[in-house]
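Both complexes below contain chain A, partnered by chain B and then by chain C.
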Partner chain A sequence: MANKRSNTMMKPFGRLSITSMIAVIGAAACIPDAPPRPDELRGTSYPAPLEKPDFSLIRTNGDTFDFRAETDGFVTLLFFGYTHCPDVCPIHMANIAAVLRNLPPDVSRAVKVVMVSTDPDRDTPDRFGPWLAQFDPSFVGLIGPIEEVNAIQSRLQLPPASKYGDDPGSYTVGHSARVIAFTADNRAHVSYPFGTRQNDWAHDLPLLVKAEWETR
Partner chain B sequence: MRLNWMALAAAAVSCSSPDSSDSPAQITRSGTLEITDAYAPAPASADVGSLYFTVINHGGEADTLVAIETSAGGTASLHDMVRIDGTMRMQATGAVEVAPSHTLRMAPGGYHVMIEHVTVRPEVGDTLDVIVTFARAGQVELRVPILTYSDVARLLEDPGDRRH
Partner chain C sequence: MNWWCAAQDTAWSWTWQPYAGVWLMVVVLLGARFLLARVWSTAADSNEPGRPLLYVVGVFILWTAADWPIGPLGAGYLLSVHTVQYILFAFVAPPLLIAGTPKWLWRRLIQPDWAFKTAWTLTRPLVAFLFFNVVLLATHLPSVVDGLTASQLGSFAVDMSWLGAGIVFWWPILGPLPELKPMPYPGRIVYLIANVFIPTVPAAFLTYARYPIYALYELAPPINNLTAVEDQQIAGMIMKIVGGFIVFGIASVLFFKWASHEERAETEQA
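Then we have the complex of A and B:
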């Protein structure tokens, strides 16, 4: 459904989206379970899909988490943030958790949420684990050296996180507020900026789960 | 629409008044100031929380929000969100002026009151007592409901494009 908002959201990639839209509309006509067209999704479409990165970081429970292997076949929402953030980070996590609770189980079970800390100095497993679990105990929290975290972000076309201030009690961390959505084809076709609302997630997640993405 | 929402949240003052028709928010008046849409999410950690409200200046003179105190203890200060090179970062604003016929709207991703070094962590269902000090209007007391983050997000999302 084309609407004002999805057009607005596509503005950054306006020209490219129109080109790719025409290509996909052609394909959609003959394939029944075709991937959603960019204009059917409320997220921001990538001009070229992102490959799912291969990395391992430590989970808040102490296990090593091999991102590519552990999320294979799932719709995976990847977000970078920190627990001293009282606004952007908890709002994103709470919105996604609330929507997953209300979606049919066949959809919500197909979605994994992974948050990587951009503040490993303060986000100890003891702090980050319960912080994330209060939104949804299935959410995966990952911790690693900030250089490694920023290298992963750079592979995903995200800006590095940066620290402002020195006081350990009150420094802030600037970071991307974008949630990247990988689909079962292990690529990301779309991402979600801050401001994505619960009804946007509720609209897009079933489409992302049910679409049969072209496998190569 | 999303861009309006971002603009609303990011702009110091805007001329629109929020649609609070479906929210249980109390309206507090002090002189020519009206405060609406006051909500606080139950803090996600023991030490850091946030609080949102909207100030509408119906008067003919500017007023300035100079200080905030809450019953959660610690320090409370107005923050806004700076967007640089694809990142979002909050920073303290200091005192903020609300011009005549203008609105200071706090909402996720924009202005918020940041509560640091929380000493009394409020829970969902509790009420946060808040004292907001304005240069002209003086102290205004608010009783702010503590909700889940999810409910706060729903209540404060873009009022211009509510679907459900």
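Then we have the complex of A and C:
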């Protein structure tokens, strides 16, 4: 009898605790994560975060792309390269595209990839657009005068692009091999050199997307 | 001029390149076989010339696997081609080299006491099985592939370890010397079939991994539109399907040989 009574008394309390626990877990799930510490990321952290540059260039479809406005709120991977690049550019683009295909949609949809051409003479919209789309149709390709592109690179502490070779058809372009990752706070806390592997992207992108960055 | 194929950080080009070490290997293997046969053979030995054509085909397979274009493509660009090299070095060339060398030449080679003891130990089925599979697994570890294939010496070491392990693996099945106590036919078939399962481990890793396993091939200049993961999946299938096809093919030949051997024995008894 005593047992039966105590069981009856426990039931509402038990229901209440389970409900509270679910509520607490639910609330915890909605709270964004704290920004990752530099040692939690596999990219190279900046000692002081870089401000997202404010510039507009022409997309491969002919539209103007306001970089700061159109990438606001996204994790944005910014890369400077060219379509005749034999190694670094296609490898970076292929690896990022492969990882985005494998990540959960709530992460991959929160990432934008923008590549700015360092070879505007040869990277015409007709060439650059299909070249990028072979990796991922959502990747944004931007073209602008090389002086302007170099000025943007300079603001991001990257070296200017430089041509090597005289043959107009087969010269190479020296450029930074680094992908800069801007987070939702419109700042870059980390960048990714050549040699970053798909496993590294798969590790870092969810952290960059899910963390609560102090928006400005 | 390079002497052996290793990974390079330049874009792939279909321009022919010479590899002096590969030619040297071909010359040494042919020279050793035919020169030693001339120098060491006695009148009695000349009755058994071996099967020189099989030996030459075996050396040709090694040459194909190591030289341009398969050599450099496999060493630095495509894991699938690297796996083709593995199949050629470990599964195709060794049986041909063993079958193409006359018995008396093998006997001369293992004449010194130490050589005979080493051959005896290595050709015990369990030892050969373990030796081959340890080499197989070790040479497919990411640290080994990424670390060794980037240098000419390392790449050479990997290729030669496949060839050596292949000869040790195939000896208990095809070895012609009775003094090394070959296994009976049923034992050979079991030995072969047992070996189908071990390569399944690296093959499964290659086929089902979500991301590329080897940095070397993931960060290699791309060829065509093949992604690193697709290349890796093709490599896994080659290792499992082509390797399995060769092993089961030879196991079938052994089975029929065993059946005809038994039939002959029964006929002789009758």
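What we mean here is this: the second predicted complex is superposed on the first by the 183 of 216 C-alpha atoms of A that agree within 3 Å, B and C clash if a C-alpha of one lies under 4 Å from a C-alpha of the other, contacts with A are read in each partner's own complex, and residues count from 1 in each chain.
Simple rule for what comes next: a residue touches a chain if its C-beta (ideal position, glycine included) is under 8 Å from a C-beta of that chain, and two chains touch if they have at least 3 such contacts.
All of these numbers come straight from a predicted model, not from anything done at the bench.
Three-chain overlay on chain A, with chain B and chain C in a clash. Of the two partner chains, chain B is the only one that A:His84 touches; chain C does not reach it.
Look at A:Pro159: by the touch rule set out above, it reaches chain B but stays clear of chain C. Of the two partner chains placed by the overlay, chain B and chain C both lie in contact with A:Asn199.
Once the two complexes are laid over each other on the shared chain, residue contacts for A:Asn102 go to chain C alone; chain B is not touched.
In the superposed model, A:Gly62 lies in contact with neither chain B nor chain C. Once the two complexes are laid over each other on the shared chain, residue contacts for A:Trp131 go to chain B alone; chain C is not touched.
In the overlay built on the shared chain, the residue A:Pro168 is in contact with neither chain B nor chain C. Here chain C runs into chain B after the superposition, and of 114-122, 186-194 or 222-230 the stretch doing so is 222-230. Taken together, the two complexes place residues 86-87, 90-91, 94-95, 98, 134, 194-195, 197-199 of chain A in contact with chain B and also with chain C. Every residue of chain A that touches chain B in the complex is listed here, in rising order: 4-5, 8-9, 83-88, 90-91, 93-95, 97-98, 127, 131, 134-135, 158-159, 161-162, 164, 169-170, 172-178, 193-195, 197-199.
Of all residues in chain B, only 1-3, 5-6, 41, 43-45, 47-50, 79, 81-82, 84-91, 108-109, 112, 114-117, 148-150, 152-154, 157-158, 161, 163-164 touch chain A in the complex they form.
Those residues of chain C that touch chain A in the shared complex are 9-11, 210-212, 215, 218-222, 225, 227-229. Chain A contributes residues 86-87, 90-91, 94-95, 98-99, 102, 134, 194-195, 197-199, 202 to its touches with chain C in the complex.
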